[in-house]
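Think of it as A, B, C and D in the order they're written, each chain with its own count starting at 1.
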Amino acid sequence: MTKVLEQLAEEYDNKTPQEIIEYAFKNYKNIAISFSGAEDVVLIDMAKRIRKSFAVFILDTGRLHSETYQFVDRVREFYGIDVNVYSPDTGELEKFVREKGFFSFYKDGHTGCCNVRKVEPLRRALAGLDAWITGQRRDQSPNTRAFVPVVQIDPTFGNGKLIKFNPLSKWTSAQVWQYIRVNNVPYNRLHERGFVSIGCEPCTRAVLPGQHEREGRWWWEDAMKKECGLHAGNVKG
Amino acid sequence: MTKVLEQLAEEYDNKTPQEIIEYAFKNYKNIAISFSGAEDVVLIDMAKRIRKSFAVFILDTGRLHSETYQFVDRVREFYGIDVNVYSPDTGELEKFVREKGFFSFYKDGHTGCCNVRKVEPLRRALAGLDAWITGQRRDQSPNTRAFVPVVQIDPTFGNGKLIKFNPLSKWTSAQVWQYIRVNNVPYNRLHERGFVSIGCEPCTRAVLPGQHEREGRWWWEDAMKKECGLHAGNVKG
Amino acid sequence: MTKVLEQLAEEYDNKTPQEIIEYAFKNYKNIAISFSGAEDVVLIDMAKRIRKSFAVFILDTGRLHSETYQFVDRVREFYGIDVNVYSPDTGELEKFVREKGFFSFYKDGHTGCCNVRKVEPLRRALAGLDAWITGQRRDQSPNTRAFVPVVQIDPTFGNGKLIKFNPLSKWTSAQVWQYIRVNNVPYNRLHERGFVSIGCEPCTRAVLPGQHEREGRWWWEDAMKKECGLHAGNVKG
Amino acid sequence: MTKVLEQLAEEYDNKTPQEIIEYAFKNYKNIAISFSGAEDVVLIDMAKRIRKSFAVFILDTGRLHSETYQFVDRVREFYGIDVNVYSPDTGELEKFVREKGFFSFYKDGHTGCCNVRKVEPLRRALAGLDAWITGQRRDQSPNTRAFVPVVQIDPTFGNGKLIKFNPLSKWTSAQVWQYIRVNNVPYNRLHERGFVSIGCEPCTRAVLPGQHEREGRWWWEDAMKKECGLHAGNVKG
């Protein structure tokens, strides 16, 4: 299957995000858009112009900004769509926090916390899907995302049977924001306070003018390894 | 047992909070302090002067202020104690949020959300305990808390077999804050921004000078019914 | 004149603030209300129910909170009144700031800065007046305001010829806030963020629950001396 | 003189900002750097590496952010320099605010307020100078600043006898911020909250990711005319 996907990736490399989403919807029935509560809302806006109804899920880590919770509900109402919310496993979460507290990531690194709050729920979100659509872009990270193709076999989840579409892969942040402005797409109010990339509250911060958006995430760690486990397969060995 | 408890409540009605905690620790082995992340931290401060080690639990609804999460970790370190964290049941939470979204309480009232995020986890926290200690005070609510005794059979949980101590029952807010200042007890930084009572982020707000603290909770609802279910037994029929 | 005033103060000691304002308006033509941008807005609300038109002034130190500037304009529109604004003398201000910078008060004490930004403009505001009305209250300060009479010869300004009315002298903060709520008086939004007393931005802060409002002013200085020079005459030798 | 200046502008068009500042200091004795409290702090950093002592002035409109006042004092201490502060004329300011209130610019446009709070003080700041140095850049405004030369006869002030150096004219925002990061230059904390361009508090706001910095200034007005009068001569007829 890998070869077919590589051919498809090459063929769709210069297609618009909308064409990629259209292809994805047409060829995969059990497919869902992964929404982070940030500027990947454009995927939902594009999808809504193609189809009336489609699956969207979000991972509620229990540590999102209140502005992000507000934004998710606004997106729900604005587009008239359901959003499947996945939460951490009660037992794993309680065990983790009792041992580590609420801010262990500043000392131990974010992997342990992301595993409990993001990766495990994502695993459940992806179970039963044939394909998913993400908002990943190459310009988001010079190291971990520079080679993200528009479509690929998921390198991390699904045992080689899950297809992952990244329709915005080749768009820049500037293009995404132009789309948001031109189309009056609703956006997370944190973007009005210097936030570019948005994740969990304690692990996201505003960036300075001209600073790369990824510097607003897990800023206390080595810039090379800033993936939360969801897209860990991006990192080349 | 009710009668014995009523006699005890009468006998201890004029005792200090410290004496009540001391009695509770002496007579109940399976006992824990319920900590909300607000000014009930004084219970922990008092307990620490009586015993080196004791059980404390907190309900992490997944919607607390980031300042509250920071405060819980600070309390943990400051007093060198473990804090057992109870989180909502994954399945119930996911089902609730998918159907209702993240802010249904503003329309439906807070009961449904509190049931999932607070009452169910509390039930698990109390299972196996003979007694618990809360920071409830009579002056917190003219309606729902005016008759809170210093000790009682829990009117809501434990099927008549769980003892509930409310050592601060007869203290005023002013007394609690005097204790905090005099003893240099750490406090939640939200108290520096006009917050008196502190609960979940979307359901708590700062109050005006001279305004009753309970007006900062579920302010869109009838002032008469402001209990989250944890202490529902307080409300007289 | 002192004796007459003392008799008047005694006679009006138990009158309502409204009666005191009414007396002041009736007996003094060149009279103005001094408005600080805080809860002394009740003076304006009371005056408006007595007279259609009256003089109000405010001292714009150049360092007020943006919320205070917004509030002053809102009061202007809400009551349909003019507000005379007095600003620091350009030359004195420039000289002071060039030498001392913008935050010298944290090191030197607030007197020097208050002299330039408040006292000198107040002197101009009071020139030509026979009487002024302030929002001072006894409960604002256990030391400097405990003896504020409802009317007095101004002990600081006017060379013994200026009358000073303090209609709220005997009201508590609780009474002022009850008046604001009952009468839907507009208030400074800072009061929603823990601020009770409000002055200049760098010299005012929110207070903790139960903390005296004066602890939110010049908190780095001795609690005994917290007057800005406007009401310095209150301080007994 | 114009011709000489045009030749000089051409000659220095490809010089570094540092070379331009060095030239300016060498050839003009009565010269000062105009500092706005924003990223033009790089001018001060560059100047300090050239000379131990030089003149800097700032216009304190009385409506700057508290973060800007803090930043000015920090710059003063960090570089060990004096900063001459120019404030609005008392009489003009009082007259303007009594008539118009504190927020007339949202209705009338910003020109009237800028005239009182910025242009008049600037006129005094420039009196007696032969030359001044500003942080203007071409990329700050596609309309009003696209032709800013590195040196020019001031087109607005000084009656054709004042020289204006714009050493950063050809630098981009990205270059300025790289300089700040590489050289650990102190910066205004507002830049950590989405602010790029910084002026008066009511007339400045944070911008969205990818949004032009000038959209954060006087955003309620026509994008074409966003100059405060200080650099009005930039606008071509």
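The rule we apply is simple: a residue touches a chain if its C-beta (ideal position, glycine included) is under 8 Å from a C-beta of that chain, and two chains touch if they have at least 3 such contacts.
Model, not experiment: these values are computed from the prediction.
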{"item": "Graph separation of subunit B and subunit D (steps between touching chains)", "value": "2"}
{"item": "Pair with more cross-chain C-beta pairs in contact, given B-C and C-D", "value": "C-D"}
{"item": "Inter-centroid spacing, subunit C versus subunit A (mean Cα positions, whole Å)", "value": "54"}
{"item": "Subunit B and subunit C, separation of their C-alpha mean positions in angstrom", "value": "40"}
{"item": "Where subunit C and subunit D are represented by their mean Cα positions, the distance between them in whole Å", "value": "37"}
{"item": "Where subunit A touches two or more other chains at once, by residue number", "value": "none"}
{"item": "Residue ranges of subunit D touching subunit C (in the complex, touch as defined)", "value": "60, 62-63, 66, 69-70, 72-73, 76, 82-90, 93-94, 97-98, 101-103, 201-202"}
{"item": "Subunit B to subunit C touching residues, read off their complex", "value": "39, 173-174, 176-178, 181, 187, 191-196, 206, 208-211, 213"}
